[in-house]
Structures are given as C-alpha cells and as structure tokens.
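In the two complexes that follow, subunit A is the common piece, with subunit B as its partner first and subunit C second.
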Partner chain A sequence: MTATTTTLPAARPGTWARFGRNQLAVAGGLILAAVALLAIAAPLLPLPDPNATDLPNRLAPVFSAGHLLGADHLGRDMLSRIVWGTRVSLAVGLIAAVTAAVIGSTIGIVAGFCGRWVDGVLMRAIDMLMAFPYLLLALAIVAALGPGLLNALFAISIVNIPFFARAVRGVTVGLKRRDYVAAARLSGQGNLTILTGEILPNLLPVIVITFSTTLGWMILETAGLSFLGLGAQPPQADLGSMLGEGRSLLLVAPHIALIPGLVILLVVIGINLVGDGIRDLVDPRLASGGLVRPGPATAVACDAIRQQAGNPAAPDAILSVRNLRTHFLLNEERYKAVDDVSFDLRPGECLGIVGESGSGKSVTALSLLGLVPTPPGVIVGGSIRYRGQELLGLPLPKLQELRGNRIAFIFQDPLGTLNPLMTVGEQIVETITRHQGVTHAEALTHAIGLMDRVRIPNARDRASAYPHELSGGQRQRIGIAMALANDPDIIIADEPTTALDVTIQAEVLKLLQDLRRERDTALLFITHDFGVVSELCDRVMVMYAGRIVETGTTAEVLRDPRHPYTRRLMACVPVLGQPERALDAIPGLPPAVNHLPPGCHFADRCDRVIDRCRIGSIPLEDLGPGRSSRCIRAFEP
Partner chain B sequence: MLSYALRRLAMIVPVLLGISVIVFLIMAMIPGDPALAILGSFATPENTAQLRQDLGLDRSLIEQYAVWLGNLLQGDFGRSYSLNRPVLDEVTERLGPTLLLAGASLILCTILGLAAGVVSAVRQYGWQDKALTLAVLVGLSTPSFWLGLILVLIFSVGLRWFPVSGMYAIYGGGGLTDLLHHLALPAFTLAVVATGVIARLTRSTMLEVLRQDFVRTARAKGVTERTVILRHALRNALVNIVPIIGIQTGFVLGGAVYIETVFQWPGIGRMLVTAISTRDILLVQGGVLVVAACYVLINLAADLIQHMLDPRIGT
Partner chain C sequence: MTHALLEAADLHKSFGGDGWFTKRQPVHAVRGVSIAVRPSETLGIVGESGSGKSTLARMLVGLETPDSGTIRMEGHAVAKRRSLDFHRQVQFVFQDASSALNPRKTIRRILEDPLNHLLGLTRSRRRERVEELMALVHLRPEFLDRYPHEFSGGQAQRIGIARALAAKPRLIVLDEPVSALDVSIQAQILLLLKKLQQEFGLAYVFISHDLAVVETLCDRVAVMRNGEIVEQAPRTTLFSQPRHPYTKTLLASVPGGLADTATA
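== the complex of A and B ==
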C-alpha cells in the first residue's frame, strides 16, 4: 500500500515476462542463424584461403585494405580464418553435444526403465563421473588419448554424458509409473514398443532442455581445450586455437586474440538465449506466472481510496470495513475474491466470518493489513478504518507499525507459517523487539512468559526448539503466543484450529476465549465450522462467492438462519449425541468468481431456488439491527 | 552433528575409490604401450622392459589396479620424468596456489552471486533485475580465458593497476599485499561464470521462498522488508544454494586450468597443461587425483554447512 504500489500492476506479469523472454530468444535465434549460415556458406563466400600466408601484410590491423578484420602473424586473412574457424567450432560443439545426448539419454533410459541393479550400477558410475571437477576429467582423457581436435571432442562428450543420463533417468522413472505405460503393458506390448511408443516421445522435452543447456558449455570447453593447445592442432584451426595463438601477440596485435573470443561469446549467448526461451516455454510454473514475487503489501488501485465516501464508520467500532473489494487479476481474468464487504468490529467482540474455502473469507482478513499477495491481488475499492485511521493507501512503514503490534494474525497450518530455520522462541522474540524497545534478553523472558501463558509445558526449554520439533497443537500455540506478544487490540485468526485434532481444537478455542476475556481483545475469527462459531463468536458474518450473504448475532443466526447457504453450512456440523444425523456436505462447488452469473450466486446449489433468484442483483436485505440476508426468500419460512 | 559428519565422511570412501577406478581406467585407455607412452622419447628397450615390469603390465587389470592403488595409499604417485622428481612433491607444492586462487574465486562468486540474485529477485522485472539478468547471461556465455586476456589488456597493460602475471613480484615481491595484488584479476576472472550460476539460482530460489507462508507470517509480524528478505527468505534459500556453491567448486577448479595459463599462476592447472603436452602421464594422473579428492572434500564441507543451516535434516 505504499505510494509506489498504488498503480495497478501489469495484469499478467507472467505473460509479459514470457513475451519479453521470447523476444530475447528470437534475438538469440537470429544470432545463431546468422553465424550458422556464415559457417555453412564458408566455401561459397568470396573469402581468401584461410591458410594463405601473406607476410608483407602480417599483423595488419582491423579495417585495413583487403583485410576487413586484419591479418595474423603470418598475414593470413582474419575474416576468412574466423569464418572457417567458426565452422570447425560449431561442428565440433554440435557433434560433441549430439554424442553426449545419445549416449547419456540411452544410459538414462536403460537405467530408468530396467531399474533394480542395472539402475544402481549405471547411476553409481555416473555419480563417479560427476565426482570429478568438470574440466579436469576432460583433461585426463585428453592426456591419455593425446592432444587433438577429435580427442578433445570425445573428452568433452564424455564429461557431459552425466547431465543427460541423470535428467533422462529421472523422467523415465516417473513415466514408468504412469497409467498409460501400465495400460500399454497390460495390453501386451513388449518393452521395446513401450519404450519407443510411450516413453521416448515424452522424454524429448527433457533431452532438448539438457541439450540447450550443455551445448553452450561444450562449445566453450572445446574452444578452451584448443586454447590450451590440446584441441585443434595446426594447420587445423578453430576459434579456440586462434585465440590461443593470438595470446602471445596480445600486446602487439590484440585483435588476433580478441576477435575469435568475441565470436565464441556471441555464439554462446545466442545458444543460451534460445535455451532460456525453450526452458520458459516448457516450464509450466513460469507460464502460469507462478514464480512472480508477491510485494510487501497488497497493491491498492488509485481510484480505490476515492470510493470511501458515504457509509460512515460506526462510532464505537475499533475496525470499520466499508465496501471492501479485493480482486485477483490473473491471465486477463478478473476474480472478484472479495466484493463489497462491510462490517464493524467492536473492542472485546468476537466476529466470526464463515464460509467454504473460496468464499473470500481469508482474503477479506488478509486485505485488512495488505497481506494479500500482489500480484495477483489488488484492492480496487473500499475503506478500512482502524480507530478512525484509514488503512488503505497507508505508507508501508506505517502499516508495518500496526502489523503484529496493534493488529495481529494467527494463521492456519502452523508448520508452513513458521520459519523452519528459526527457533520458535526467536520467532516470538522477533515480534517483540520489532515493536517494543526492549533488549533481546528481556524479549526472551517475555516470550517464555507468553509460551507459559498459552500452556506450552517446559516453555524455557521449548523456546529453543525448531517448529518441526513441536506437535501441531504446540505450533499453533506458538502462533497464538506470537499474536499476543504485543498485546494487540485486534487478533485476526484464520482457521486456527482446522489442522488440529478435535481435543486440541477444543483446548485452543478455550485458550482464545480466555485470552479475549482477559485482555478485552477484539477477535476476528475465520472458519468454515459453525460448531466453532457457536462456542466462540458473538456475531457471525456468512460469506459466499466473495460476498456477505447473512449477518446477525450468533444466537439469532443459529436459531433462525435466513439464508439457505447458512442453513446448509450449519447442517455440516456434527451434533454431540446425535450420531445418526446425516452430515450434509453441500453438493456442488462454489462458483468461480471470474464469471459470476446474474442473480443469486448460490442459486445453482440451492434447494429452494425459484426463477426470480436468477434475475438482477440480489441486495443484502436489512432485517433489523445488525441482521441481514442476501436472499429474496429470507422472510419466507 | 558429529555423527552425521562421521557418517558423511564414511560415505566419501567409495567416492574416492570410484575416482581412482576412473583415473585408472582412463590411463588404461592410453593407446599402444603405456610404458612407451610414459617414457615417451626417453624410451629404450631396457627401461621399457623395466617399466613394464614395474607397472605390472604383465598382470591382469584388477591386479594392476590393486598394486597401483596400494602404491597411491602409501603416497607413491610415481616419478615425473619431465621434472625428475616425485609426482606427489610437485603436486603438493602446486596445490597451495591453486586452492588459494579457487578459494578466492569461490568467496567472490558467492558474495557477488548472492547479492546479484537477491537484488534481482527483490526487484523482479525492475530495471535492476533486467540489467543483472543481462549481465549474468553475458557472464555465463563468456570464455573465461578470453575475458582474462581482455582484463590484462585493460587493467594491467593499459591502466597498470594490476600486474600482468605470476603470484609474486619477481623483485622485492612477497608479502600479503603483493599476493592479493597478483590474485585480484585471476580470481575475478575465474569467478565470473560461477557468479552467473549462483546469481541465477539465488534469484529463482528467492522467488520461490518469498511465496511461502512463513514469509507472510514474517510480514504479518510487521518486520521490515529488509528483515523479511535477509533474515527469513535468504536464510531459507541458502539451504538450497549452498550445495550448488559446492558443485561450483568443480567448475572453478576446472576453470583454474585456463586462468592459471593466462595469468601464469604457479598452480596445478598450468602444471597439468604442461604435463599433457610433454606426455608426462604420471604427473597428469597425480594432479587429477589430488584435485578431484579436494573437490570431494569441498562438497563434503558444503553438505555439512547445509546440515548446520537446516535443523530439519536428520541428525
């Protein structure tokens, strides 16, 4: 919510990034195509013989007459030598890569397909090859076979075999377990047919990716071996050996060494650009924009703040939310995760937000302190006032002052939400020292006190435990202790008991209840479970498809639900002593919030639906103070 | 931790054995008579016959390996004919400079790579990210031996900031300052490719870690973005990055061959190149074995560091 994030972010950064990358890949492809064309056409080009010496013109500089790129120490034309040298380098690199790909993939397929001891033996051998520093193994092979271009090619191939073998084996093992391979086997196809028919086509992407990654290395390394004098031997010349020969003339005629190196750089950049492009196309995570980093606070659209007029905050409320709208912009689609949600929270009060997953209840809670990841989330409208202060558009440092301090969160799934590499004590201490000017030692004492308070036995010892060393219930208590650390005015608890078993669930609920009474903290409690609501909450707000469908005091709603959805949610709760009561899961799924039909969003799953339900927009009907329902049949019995 | 270290230490024994088998097999690939190849132009019928017997070439391959390995274990790596001194003496003498060069490069590429990767991830799709991504791409594609020549041309010949080559000044040299002065250019050149690899990996790992739930928890606590990035995200990312840094040592140790040649650094890499051109096979074999063993140990160290960073890995 900083000033910099108030502009709408690009709707589809993933796609944009891919487009940008593809442009780069096209550029790389053009470079490669140009170089390859020159190399292939070398015999046809009007170039002087690359080996024709011309001593009067020796060491001619770049752009001299007759020698566009100058001449070397024997007066040989550099341009011609570069073109012919590139031809050799490209050919050697390609042959080495194809050899490594064929041998490596074969090893990988055999190991993955045969499994058992064949796999064991082959992969251990590959591991051994990988235990060598890359180039050193190649050097050892060249040392044994003797210097020469063919031997260098062979050496570079061998050291690249493991990359193919490992990648291909991994995918083969995965494919072997797939249903269609099992089906082919059952239908009586032989191993060879299965290999060529079912497995090989699916291996192509991984082989292509490995090829595109290693080809650049192979060209670099063969050039390197030639540079060291271990590859191409005169009069044969590749780019590397030209570079090596030019080295001794570096001070007199630097162009002789620098130009071949520049061509190598150009070729390898081209290969890497194309390779990155291929990888991006194949990697589905990039395609969905999945690897986009969420910003430190949810973006707020510029026009959001202007819309806060009207609907004044309730005077006694500590938190007033008005017409909050949080949308997700993904792949040119707009998902209205939270749409026009308003509510008030008073000091010491517990408000339950109830709904299925996908109903928008968590996004509502996360929006309050800008914790919805951007991209893709954007707050496009509304107002959130804490003690009269507008939180939407608040600069990030101010927002961070409130987070964990005046308004604290308790998250679901305590394993994923605690830092796995920090002791739990340290994680509580961090919350304290961030907001209170105390020393680390004081904060630790306080943290241990909090852990005692949430009834973690042996708090002093447990403080130095890592999250994975605690039980689920204990981890959740740590989450609660962290939320309590700065004595907040509001605690937002997002399904804090869902991951726990029933007895621990009850304990955690009791703990929250006690703490709330003790400190007069307001509690915003998010759950899908009406059983939990009835134990804890003063008031309830039921959400469906991003909208509020019913509000009221817990007692009223439980006694007389006015929305069919609420009724169905309540039917999902088991009642003690009535084991025969059918646990009524609601048939169907909540609608996707990108293409909502007109009328009531629950209509498709409602058993009381009538034609009128599907027309226009259904307003949230006021049914008395704090009581409302978004159902046209709310008054009907 | 100790028991893990011991177990991990025990696991490198088969790896070292495997390395010795591969080196032995490569040496057995030498076409023609190995005795002739080893003696090269020094071969006479008498010493060839003597060497064949010494090498046990009349025995089976497995027997030959056992004898060869036994000698290695006793510190007998044979004698370099071109230098006329024990291979082990020469190799240990040159190991120091190589490890120094590789170590300095490793420190450089770790610092630069992590910094570039973190900045790239934090400023994803910003101009810093684009500039760094481009720089990383060029770095990954640059032939290091060529880059070395360019840096010499610019910084040593042109600007005279750094010496052209060697490890110490010939006259009045010595001392740490002189060493660092000589080390700067080769260490940087050697670090460029590894920096690119680490930067790329750091960027993608950071992007993955930053999406995890505990990062949201840290933000919900109100800690500053700086703390979120460095204390929470980077530390978790390091668990995945450290093993790759270990593997990069392999590329750095290999790349040292070029850099030592370009900068006339008195290490094993340059020794190997000379030994290959003079067909001093025993010297090559000794150098490769020792450097490969160092690489195995460095990867062991990387594993132990990863273990220390991550309390979840079994104790």
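== the complex of A and C ==
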C-alpha cells in the first residue's frame, strides 16, 4: 500500500562537461586565461619599468636587443608596457562591469519586484539614461568630472547600468509571479528573504549572461576613452592610450599601434567566445536543443525498411502496423519510446490506445506519418502499411501527399497547433487547396460547410476569426474540421479532449462518434481515460513503457482485464457513482525507457510477480480472436 | 453550533480594468461566494476552467486580496495582510507541483523554510522534522539534498504536500493537486491525502474539475460557474439528487461507461 518511490531520472551531463564540448568557448577561455595570467603576474615578471624612457632606443623595432617587442617613441619597452597596460585595461573594464552589474541589477530587481510607481520612476530614469548615445554620455561625464582613469571607470559603469537594469527587471517581473514565490510567502517569508532567497538565485543566469556579453564591450569603451586622451593619463600605459600614442606613428613604426590593437582584439574575442559559451549553457531555451531544427520527416534507419512483417496484415485492414520501433537517441542514451508495436485498423473502426505519459502512445501515433522530430527520434524497425503501401522509407513528397489528406491528425492542444496569425477559415482553406485542385472561393465555401458540420455557430462569421478569439472547445472543433477537410480514411486523434472541460469534451466526443458513423472513417484514438475509451472505442490496446501489454475489444478488456497493469490502472481511477470503491494505487513509477528491466517491464510494480517474470522477453500471448496480453500468467484466474 | 474553521462570506474579486489610457472591462472572477469549512472535513469545489475556483482558493489562503467580503478563522475576522499565525493554520498545495518548487533550492531548504519562518525551530529540530515530513509523504530521506528538477510530477507533489504539512496546519487548500498527474500517480496522492487527513484531523478545501475525484474524497461539494456557487450540498445529496441544471449537465457529461462495466 505504501508507495515509496525509488527511482530518480539519471542526471544530465555536468555543466563543465557541456562547456568543454563547445570548442570555440574553450579556445576563448584559453586565450582569456593566458592574457589574464600575464596581467596578474606582471609585478613578478622580469620586466623593465614600463615608464623608464630610453631615448637612444626610441622606436626600436620588434625583436631588437633588450626590447623583444620593440620600444615606443620615448624608448619605453613595449613588452613591459603591453603587459602593464593590459593589466590596467582589464582591471578597469572588470571593475566597471562589476559596478554596472551590481547597481544595474539592484535597480532592475527593485523595479521588477515592487512594480507600480517604483517601477515607473526607476525605469523611466533608466530610459533617460539610454536616450543619450552612450559615447556622448560617457564623454559628457568625463568632461564634467575631468579626465583620468577613475572617472573613465565611473562613466563606463553609468553608461552600462541600463543594460543590466532592463534585462534583470524583465526577468524579475516574470519570476515574482512564479508559484514558488507564492509558496515562499505562505511559508512566512518576508519580501527581503524572498528577494534574496527565491528571486536572486534564479536571476543569476541572466546577470551572468549580461555580464559576459557586455564585459568585452566595456573593455573596448575603456580603451576608447583612453584613446581620446580622457582615460589613462601619461605616462601610465593602458591599451587605449598606447593605441592613441601609436596612431601618429602608424607609418614610421606600425608595431606601436599594432601590438596593443592585437591585444585588444584577442581579449575581446576571448571574452565574447566565453560569453557565448556561458549563454548557451545557462539559457534554458538553448539548453534543450532549441537550436536544432527537426527535419520534415522522422529518420528511418535503413535496415528498418527491409525488415519484413512477421504475421501478415489482416486483409480488410486499411492500416497495418508491424513491429514498429521508434527510439530516441539523446546524450548517448537510447530511449526505447516505442518497441515492437503491431496493430491493424479497419475502415470505420475506432481503436483506442490507452496509456500513461511516457508509455509511447503518442510516439506510436506520430511515427505513422513520420511526425516524430529527428533528431532525436529514429524509426529503427518495423513496417507501416496503408492500403498495402509501405509508408516507412516513403519519399517526403509522397508522405506529405498523405498527411492531412488520406490520414489526418487531431492534436491535444489546438491553440498550439493553429497558426495565431491566420484566421481559422484560411487555415482550413489551406488544408483543402494543398490537396484538392479547387479555387480559393470554392475552398472557402467548403471550409464554412465543414465549420457548420462541427457545429460552430455563425460559421461564415467565425471563419474570419483568429484562434485566440475562439474558446477552447471551438478551437478543437476547428482542429476537427481541418482533419475532415479532405475526407480522410483515417483520423488519428491524440488526446483531443484532455485539455477541454468535461461538458465540452462530451460534445466533442459525440461529434467524433457521429462523423465516424456518417463517413466510415477509421479512428485511432489516444487517451489515458478509460471512461472516454468505453464511450467511443470498439477495440482498445493498452501500452506500458513502450510496449503493448494488452489488446481486445473494449467491452472485454474493461470487463475482464488480462494484464495486471490494465487491471490495476482501472482500479486506481475513481469512478463517478462509486465513491465507496476503494482506490488501489499502483506503487512506484514506470521504468525509464532508457533503462528497461529484463523480462516484464511492469514486474517491479506488479502484485502477481513471480521469478519467471524477470527473465527473457515476455511475448504478447494470444488469448483468442483479437485478444492478447503480455503476461505469462494471463491464463491464470 | 461551533464555529466553522474557516468561513468566507460574500467574496468578490475582479481583475483588470485599470489601464492608464484605456478603460477595459474588468473580469469579475469571483462574485459573492460564501463557503464554510468545518474542522476535519473536506469541502470540494468543482467547476470548469474560468469558473473562478482557483481565484477563490488563492483568496482563502491569502495569495489574493478580495475586493470585498470577509474571511473568518474560527469566528475571528482575518486581516487583509495575513498573520504568520494564519499561515501556520492554513496552507496551500499548488496544481503544478514542479513550478511551485524553487529550482535552485534543495528539497531540504524548501521544507525548512516554513519550519524556520513560521515555527522558528532550531537547526537541529528542523533537521529532525524535515526527515519526519519526508517519511509522512513516503519519500526517502536521501532525496533531501537533491534539486526539484530531479523529481517526477508525483514526487514533486509529495514534496509540495510535505511543505504544506510542515507547520502542522489545520486546513490545507488544494488547487487541482492531481490534475497534472498520471492516473496511477493520482491514486497514490489521493490515498496519501486521505491517510494524512485521518492521521492529523486535517480539513481540506479540494479544488478540482474532476467530479469522480471529488466524489471519492469530499464530504461536501460546492459547484462553481462564472464566479458563483450554483449549488452546495453534502456529497451524497449532490451526486444522487443534483438540483441545479448546471450540476446535472456536469454529471451527465462525464464519460462513464466504466461505471456499469467495472466489477473491480
């Protein structure tokens, strides 16, 4: 009875390991580390005094005796000045960046968290700061305070405050509405504890990203002000002032300007590469492979096509799937999302696929028309035949000819699948004109007719509505209208009513049932809800951890489940009208499909498990016509 | 008659409508709702999306301030800004368990927060209590030093329940606590809630759109629609003799072939 949960998903590769895979970032890090090390070690290195003049050797070229990088117009050693100058430039840039980060982030957090007038006042002040061209503003500040490194540092800090304030404020506004902030309030935490304990740690990635992407910029700005003579004052060396001094001698002794220029280039490139690397690491949108664009069809591993089906397709089946295996390859792990799935679908029949999340029911459906994103999904085996034609390995144009035409999809979340910038009428029209050679006007008439059929009131008016203007139930009706647009043979519906309210769900189910009867369309209906199955489906197949564990007619499976998983799944669903029925939870969690146990996948949670359950692979036992169970004890009472 | 544990009278709440340059029509999320929860009982609140049930729940625990109406705790009106004592007595469980756990805090720190801020326990007392809480929700103490992203939805919801239990409250408001979970996990959580209620004499306000779940768990049920309670009755009465047409529609809409086929 007690459900002590044991398994935890495997940890993702560590942050440093992922950073190490980004070769550009590592290269940038090495450059930066080398430069920084030289700058830090400057006092320890056997370098001559950077400000000691040696007029006989003025403008000595590179590699001359005693001056490895030559000497400048006063005969000062270039190598020494470069190392000391880099030290000054890096320090000023870094201090300016830290100052700007601290002040800017504080302003951003306070404005975002307090909201109302505090936000208004602070952010308008920041806007005013941003309204000036930054260099003019920096010049004005230095002009007011007088030239000098410290004043240049002030100027650069102030100019960069808005970048931090705006980035941090935007994220804070989102963070303070998070549930965990509400939970912290209910835990008795005050505003200050919430700011420092809940919000600040979640802001750090943003601050780090902004910091790493603006640091290089700030070092450039320091150099810029020094170049103009407003930063470091002679004789002190920094990269910008050295560049400025070398400018007038560019034709006589190009190395005097060239060497500090190169160092600036190296430092800024290094910082930017590292910054980009850090951003890729911490930015959640990029972390989950957001930069990878999936192909238009699921990859099919070549041996998959050759593999022939074991038992032949039923003669009257319109769709026949044999031994379908779809795997996901992620971080050198193989996730067996769908493993060895076979079924037949006949015209006018409704087949339900029941399972919990991660059971592979949606991936099965998406695999049929190659809609599983690649990467990471790959179909590694099996056969899918539609009217005798093999769909696996079909060229993309032929597959697209079937999609939305002979085989149509209805998705769970109509808001996510409808284009928000197109009217719903146009979207139905697009589906029609893609597959039928009709004019736009004819297609529109047809579209309005379809909207009428799915019982959208005032179809003619609603056709020009955008998805957000419709209710959830109406949006799903549009999804159904699109699926019906080309009078398909098969409709695959993936939890089409899960996001809907129960009264709307009842209407949508009735609609699907009527349409199926009228047109003899085959329906593959994916759901986790036995109630929905019993209302709609002729046959049902239950999936668990990527495999079919039981099949049969709906009535038989519901009356006499022959796999322990089916039985227990039914027992743990509360049924309206039977409040006294004791709920019987299934202990534990489903296994991760990248580490499946040998033998029966359900063995760890099963109350009928015996030793033999954990050995070898358990076949789907035939229990009579159309009835099967993947349980070695299926015949026992 | 004794006082109700928590009693809300004529609560109103609307959102929006306060633009600088435009006058938008405010959304009246809750209009004139009155409910009362007695000690150790479960009050179910059912309704469809947009019925105002979540707003009501958030007003009850103090995450939203009602525009008008009163909330009484054992007969005493509670202040607009809820006291620490109120938070000790009334706690909340969120619908999306994972988003209610700070991704940058370990489970230990998350569970210690209420012990620290609400009860002011010492460090060693907190350590003990945190392990007790984990045992109560059937999670292993080794998980304490892990971060929220390492947990599944059901495990995260157990942690959410443990946090709500931390300050030994008398009432927990649960906002759709199982609707994001798979059915096998949902049953685990429902059984856990029942067990905890028996063990500690807790009262629940259980918000849900799932009528069957509400019927299994609740003593009394209120049906909400468009911000109002259209019917409120003891469970057996409401489910066997619904009076309001909307309640009847709701009950008739549940796909329920299983009711007559299941023999389990």
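Here is the rule we go by: the second predicted complex is superposed on the first by the 365 of 637 C-alpha atoms of A that agree within 3 Å, B and C clash if a C-alpha of one lies under 4 Å from a C-alpha of the other, contacts with A are read in each partner's own complex, and residues count from 1 in each chain.
Here is the rule we use: a contact is a pair of C-beta atoms (placed from the backbone, for glycine too) under 8 Å apart; a residue touches a chain by one contact, two chains touch by 3 or more.
Quantities reported herein were computed from a predicted structural model and do not represent experimental measurements.
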item	value
Subunit A residues touched by each partner, larger count belonging to subunit B or subunit C	B
Contacts of A:34 with subunit B and subunit C, given as first, second, both or neither	neither
Subunit B versus subunit C as contact partner of A:530, first or second or both or neither	second
Partner chain in contact with A:435 - subunit B first, subunit C second, else both or neither	first
Which superposed partner A:402 touches (first subunit B, second subunit C, both, neither)	first
Subunit B versus subunit C as contact partner of A:45, first or second or both or neither	neither
Common ground on subunit A, meaning residues reached by subunit C in one complex and by subunit B in the other	none
Interface residues, subunit A side, partner subunit B - complex	13, 16-17, 124-125, 127-129, 131-147, 216, 220, 223-224, 227-230, 240, 243, 247, 250-251, 254, 257-258, 260-262, 264-265, 268-269, 271-273, 276, 291-294, 296-297, 369, 371, 373, 396-397, 400-405, 408-409, 411, 413, 416-422, 430-431, 434-435, 466, 468-469, 479, 482
Complex contacts: residues of subunit C adjacent to subunit A	48-49, 58, 61-63, 84, 87-88, 91-92, 94, 96, 99-105, 113-114, 117-118, 138-140, 143, 146, 150-152, 154-155, 158, 160, 163, 166-167, 182-188, 190-192, 209-213, 215-216, 235, 239, 249-259, 261-264
Subunit C-touching residues of subunit A, taken from the complex the two chains share	1-6, 8-9, 11, 178-180, 182-189, 193, 197-198, 201-202, 356-357, 472, 501-503, 505-506, 509, 528-536, 555, 558-559, 567-579, 581, 583-587, 589
Subunit B - residues contacting subunit A, complex	15, 18-19, 21-23, 26-27, 29-31, 121-122, 124-125, 137-138, 140-147, 149-150, 152-153, 157, 204, 206-208, 210-214, 216-225, 227-228, 232, 235-236, 239, 249-251, 253-255, 257-258, 261-262, 272-273, 275-277, 279, 281, 284-285, 288, 291-292, 295-296, 309-312
